[in-house]
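Going in written order, the chains are labelled A, B, C, D, E and F, and every chain counts its residues from 1.
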């Protein structure tokens, strides 16, 4: 249960940071509706953000392992 | 009493964010005193910031109501 | 013991903020290793950051004292 | 039970205010370049639409995450 | 009672340090463009005045909020 | 004792995730200018090296702080 709560907290933080960054990048002048081009940009942006998260996570995990095996 | 504590916490957060943003915008090169033009800029900036807060608050409240009445 | 915990927390926050700012300033394009010029920049940056911290701390302490002795 | 309801409502208000603070910062940066003598109609429209489009955009992201999850 | 005083003083110090961290970030961005071999006199003056003017500016805002409240 | 170990491991994971969130924000700003149709090899390398160089840089700072402390 605690594990689930943490996964939820973690997913919420990802959603929050991703929403803010992709909105700031993709919706330069907010209009009367979210335009198709803006929606496409947000879709790309969230895909890239999640991929980046995975790349960063892998790089950090590798680094921690290298240090642990050294000492 | 709890309600009062929250109102105070809320006002302090507004003051904090407003102070920082208006200082950064209005006092570009900090001199030996706060000049008249800087003070006028800070006064305008805080008025606009508080108005913006109200506009944002209204827009968000409207949006929540629309969703609630839809479902 | 509580005093020690606080000093540790305080040093960690300084380290964290300093690391981030100096990395962003000095490592513009992260390469396959931390180059000599980047390391020199980080060294200067951390020295200046810690000096700045002391200058700011002194200025703030002076200001608090002036106010206290006025009232 | 009344106390519980009171606490829930206050927590809801706190979350609402926390969001308004966050939105104000983000939309102020997007919409207010130079604070003038009054809030221009254009600036006010920008602020309102900034909140609405941000919520649209988050809604769009949440829906799309759901779809991706279903496809897996 | 001594313990209480000790706790209060430590809390005061913690608030002071938290503020110094915040001011250092803000004033560093305003005053230090390229960290050089030593802190220039100009940079040091800028940092000191940045703290002082920020406190002036916050003081001005708090006073003005009080006036607005009285007028209502 | 098992519970204690479980709690420790979960706390470690939480710290790991918190760092990954922070690094992603910082390295995204450094490496991703315009999100394209796929993550380019150049962008991926930049992200990986950004994490590695940041850790190098922090390591360098911590060591240097130790040296300074010893000299005093």
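We adopt the following convention: contacts are C-beta pairs under 8 Å (C-beta built on N, C-alpha and C of every residue); 3 or more make two chains touch, one makes a residue touch a chain.
From a predicted model like this one, the values you see are computed outputs, not experimental measurements.
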Inquiry  = I need the common contact partners of chain C and chain F, sorted by label.
reply    = none
Query = Among all the other chains, which ones are in touch with both chain B and chain D?
reply = none
Message = By mean C-alpha position, what chain is farthest away from chain D?
response = C
Message = So which of C-E, B-E or B-D matches C-F, with over half of the contact pairs the same residue numbers?
response = B-E
Remark   = When C-E and B-E are ranked by contacting C-beta pairs, first place goes to C-E
Centroid spacing, where centroids are CA-atom means, of chain A and chain D in whole angstrom = 19
Query = Quick one: chain B and chain C, Cα centre-to-centre, how many Å?
reply = 28
Task = Would you kindly tell me how far, in whole Å, the mean C-alpha position of chain F lies from that of chain A?
result = 15
Ask   = Taking each chain's centre as the mean of its CA atoms, how far is chain A from chain E in angstrom?
value = 33
Ask   = Got the chain A residues that touch at least 2 other chains?
value = 22
Note = Touching at least 2 other chains, the residues of chain D are 31, 50, 52
Request  = For this assembly, give the contact graph shape among line, ring, star, complete and other.
outcome  = ring
Query = Following the ring of touching chains from chain A through chain D, in what sequence do all chains appear?
reply = A, D, B, E, C, F
Request  = Flag every residue of chain D that touches chain B in the complex, lowest number first.
outcome  = 10, 13-14, 16-17, 19-21, 23-25, 27-28, 31-32, 35-37, 39, 43-44, 47-48, 50-52, 55
Query = For chain C, which residues are in contact with chain E within the complex?
reply = 2-3, 6, 10, 13-14, 17, 21-22, 25, 41, 44-45, 47-49, 51-53, 55-61, 63-64
Query = Where on chain A does chain D make contact in their complex?
reply = 15, 18-20, 22-24, 26-27, 29-34, 38-39, 42-43, 46
Task = In the complex, go through chain F and note every residue touching chain C.
result = 26-27, 30-31, 46, 49-50, 52-54, 56-58, 60-62, 64-65
